[in-house]
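Input: one structure, supplied below.
All chains are identified by letter, namely A, B and C, in their written order; residue positions are counted from 1 within each chain.
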Amino acid sequence: MNGTTGPTGPAEPTGPAGTAGPAGATTTKVRRLGTDSPPSRASKLMQNRWAGLAGLLIALLAPFVNATPYALSVMTSAAIAVMLAAGLNIVVGYCGLLDLGYVAFFAVGAYTSGVLATRFDLPLPATIPAVLVATVIAGIVIGAPTLRLRSDYLAIVTLGFGEIIRITANNLDVTGGPSGIYGIPHLVESPVLFYYLTVVVVSLAVLGAARLGRSRLGRAWRFVREDEDAAEAMGVHTYRVKLAAYIAGAVWGGMAGVLFAAQLSAVSPGSFTFLSSALVLMAVVLGGMGSTPGVVVGAVVISILPEILRDLADYRFFLFGVLLIAFMILRPQGIWPARSKEVP
Amino acid sequence: MTQLVWNGLFVGSFYALVALGYSMVYGIIKLLNFAHGDLYMLGAFAGFAILGAVGGVSSSMALPLLLAVLLATMVATGLAGVALERIAYRPLRRAPRLSLLITAVGASFALEYGMRAVAGADPRVYPVRLGGTSLEILGARLTVQQIVLIGVAVLLMAGLNLLVTRTREGRAMRAIALDPRTSALMGIDVNAVISRTFFIGSALAGAAGVMAGAYYGKIDFMMGFLIGLKAFTAAVIGGIGNIPGTMLGGLLLGLLESFGTFWLGGEWRDVFAFGVLILFLTVRPTGLLGERVTERV
Amino acid sequence: MRATPLKCFTSLAVLGLLVTGCGQGLLGDGGAGQATAEKDEPIVLGMLIPQSGSEAAIGPYMSNAAQLAIDEINAKGGVLGRRLELKTADDACDAQSAAAGANKLVTEGIDVSVGGYCSGATLPTLPIFGKAGIPMIIPAANSQELVDQKLKHVFLINGTGSQQAAAAEKWITKQGSKSVALMHDNTSYSKDIALRTQALLEAPGGAEAVITEAVTPKESDYSANITNVLAKKPDFVYWTGYFQEGGLIARQLRQAGYEDSIMVGDGSVSPKLVEIAGDEAAEGLYATMTQTPDTLQGAEGWIEAYQKKYSSEPGPYSNQAYDAVRLAAEAVTKAGATDGDKVIAALEAIDGFSMFSGPLKFTPEHTLANGGFQILVVKDDKFALQDALK
């Protein structure tokens, strides 16, 4: 695509062979809600619907297989990870902007809702409007000055913002300093109900992200991802389009933060390190960038794999690393990649 | 004031050494090698193991011995870097670029926790320490050992710069950075050159690891993580892929941290460093010495 | 090609759903965490500790010491005729991992929790153990937030920040120091002690806190912070963080030409600190510390036993983890059962149980009535008692 400073978008599929291979994967039924690129035939739509429904069904039936507190906690975390991945997918997958500090928005959401809930005794749902406002502002503050940067410079700037948010939360008194805030009221008392609530919210979020991806705006995102200069030349206001992606991603991350605060009842800076950002990004890439079912599967894998490996104690993260390498070598395009580019 | 500058330059030269490997690898295959910081850790442990095998030495022999260990470690870490590329990155050469990012993070986990399984989570202490005979120069307090370490770092960096700008090997690297496919057509053995790039970059990180081990004394399996992030930052400040720029970037980051600590206190240091970085990049989006390249349509 | 995503997915889904095995679904017996108190079943203690991530070095110190206590108790016939067993889970010092780990321990049916190191990661586990009726004896985490909620199942056996700060202030005054520099690592434990010491020093007369400097943990070079500190010309430096940074800071302070007193907090009391700082820099270093095996009668063999078993030295919170297990065993013995409420009542009633921190009695807040802090000094590469601060 170009010379020394790197391709336009880091997310762009390299080479013609890059993503064309799995294009034929018309997908049998599998995971959760949503479709990806515009279906050219009704049957495809049906299949994707089925895939989504099947996924939702699995998520809904899972507690009937195993409803121990541990399983519920892991599954709830996985659902929240799915929401985060769906949000980051808008930024990285659709729009091709490499974001290494995505948990900044997660933190903004969790802290805003946690602080409001504990200091002003608001019920969590009442904090949602404030979280919306806060995340949109955060998206603009972080996005506006930086989105003119390209690829890797954008990556380091987002990484920097992620660290700035975490350190600020660690240093301020209103955020409870290093130990964070605690005693956030639960949304619902029963973990099972909370799990179902999370699944419903996350499903809506995933569906919403997928719809957004297929909208007019979504097409503009993809255009920017594939070739920013051409998009600009064709009259797409690339800066505004990128900012929109950023804000959408921020809102998704913030909402996931509310769920996170509700699940754990405590929020501390340790949850928003660079590593967490990297893990969300891994979920997106592992699943298949730009593919809704892909990122859902990716997020589930990234959050459940370390739990499966928990009993290996010392070897847990060693094996996790090795498995990640093996995964990518076997399926470089992701577990469930997006169906190539726009339909010609 | 001079003390602040000196502190910054000393820390910055470590950042620069590690950042060089980052920058070279990025320049040539556009990979953010997240495992690079862990090669620094690997270097520190390799040096530790070699020193342990050599056994006790008199302190008069410490410096020559350390230099020998430094060389041996550079070779060992360099080979580890080559192996890493062969196993985790080469099979993905044609895959989407972010897939490599995942294997890089995976490799980072594997190296860190592999080392934890081998050496334990407890920090280790280097058997040979560079003590401190301190001098006062221009109001700054520094030690002979610091000067030696900076000297070694400068030598390594100058050598690298010569290699990249003056030799056939360097020309091949730059050619691949510009266009791997055409380079291959021109008869460059792309795989071999990439392997050698990894060797050199990793060897430099390994050297920094041994130097840190010998100077600071404490090494542990997570020691590469933070410095990896810092090195990445330094590489970007300087203009990623650009060797002199990267060195400047490392030094600049060291200075930023030193002055940030002085002005705002330790807890806001990173906020200051990243804040300046962000402002700087919005004004000059290609880094210090990076060239503005029109991205081709 | 076509089937691969499906295969990947199915295998993962199956694995995922069966994380802890079947038969525990909503329609199943639902018997989560109800340990049946049969004679031949072991009494299970659960321990959440960091085994991965930035604090991973601490985990083994705690679990090793806990296992040591369990082996000793089992060798004497166990508790109520039942064996003790330790289950550990990784909290990675991260809230979400900690919650998952706590839930895992609850699911595995632990009777008493004896873990908790990072305050930020321990806070979300309080309601999880609370709901399951499991008493928590927290060996390391000691931030005020843990007891602020007045939860009846939460007991802290680490000296609190204010007790340690009081001891530090006492010693600083006794030394006749005038200007004190406080250094912490910006984690809740360390910052808490530093700020409380600073507050105590604000009283008129005596020493004055000239600077409170935060460092970033896990780095190697603290010269920038040290330049800051020395610019204020202190005659006493108090480091309240852990030994890894503590060793480096002591060494770099000396290298920078600082010659007056250095003191470290209890998280830094480890032979490793001396090793990292080097003999010269460590000599004469003070520490605020609860009683150690060296200074406690009847516990002389403890370090040897630990070394023999793990061929390494005990580290920060080994003492407390060891005591947490012993205390749990004592409480279960007194209660005569593993029932949560009875154990909690037994814990509240304990008076004078001998621990490293001295005879134990809980305050109504469930913290130690007496922190038992004293001053140690490094002499010939070892920490030795300097002043009992009686």
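The working rule: a contact is a pair of C-beta atoms (placed from the backbone, for glycine too) under 8 Å apart; a residue touches a chain by one contact, two chains touch by 3 or more.
All values derive from a computational prediction rather than experimental measurement.
When you average the Cα atoms of each chain and compare centres, the chain farthest from subunit A turns out to be C.
The interface with the greater number of C-beta contacts, when A-B is set against B-C, is A-B. With each centre defined as the average position of its C-alpha atoms, the distance from subunit B to subunit C rounds to 35 Å. The mean-CA centres of subunit A and subunit B are about 31 angstrom from one another, to the nearest whole unit.
Touching two or more other chains at once are residues 51-52, 186 of subunit C.
Residue positions 170-171, 314, 316-317 of subunit A each touch two or more of the other chains. With touch defined as above, residues shared between interfaces to two or more other chains in subunit B number as follows: 113, 116, 267, 270. Of all residues in subunit B, only 26-27, 30, 32, 34, 87-88, 91-92, 94-103, 105-114, 116-117, 177-178, 229, 232-233, 236, 240-241, 267-268, 270-271, 274-275, 277-278, 281-282, 285-287, 290-291, 293, 295-297 touch subunit A in the complex they form. The touching residues of subunit C, when paired with subunit A in their complex, are 1-6, 8-9, 12-13, 15-22, 24-28, 30, 32-33, 51-53, 88-90, 93-96, 99-101, 103-104, 106-108, 118-121, 123-124, 126-128, 132, 143, 145, 149, 186-188, 191. Listing the residues of subunit A that touch subunit C in their complex gives 21-22, 24-28, 30-31, 58, 62-75, 77-78, 170-171, 176-180, 182-183, 192, 260, 263-271, 273, 275, 297, 300-301, 304, 307-308, 310, 313-314, 316-317, 331, 335-336. On the subunit C side of its complex with subunit B, the touching residues are 51-52, 54, 56-57, 59-60, 186, 213-216, 218-221, 223-225, 227-228, 244, 247-248, 251, 255-257, 272, 275-276, 278, 312, 315.
Contacts from subunit B toward subunit C in the complex involve residues 3-4, 7-8, 10-11, 14, 113, 116, 120-123, 125, 129, 131-132, 134, 141, 143, 212, 216-218, 220-223, 225-226, 257-258, 261-262, 265-267, 269-270.
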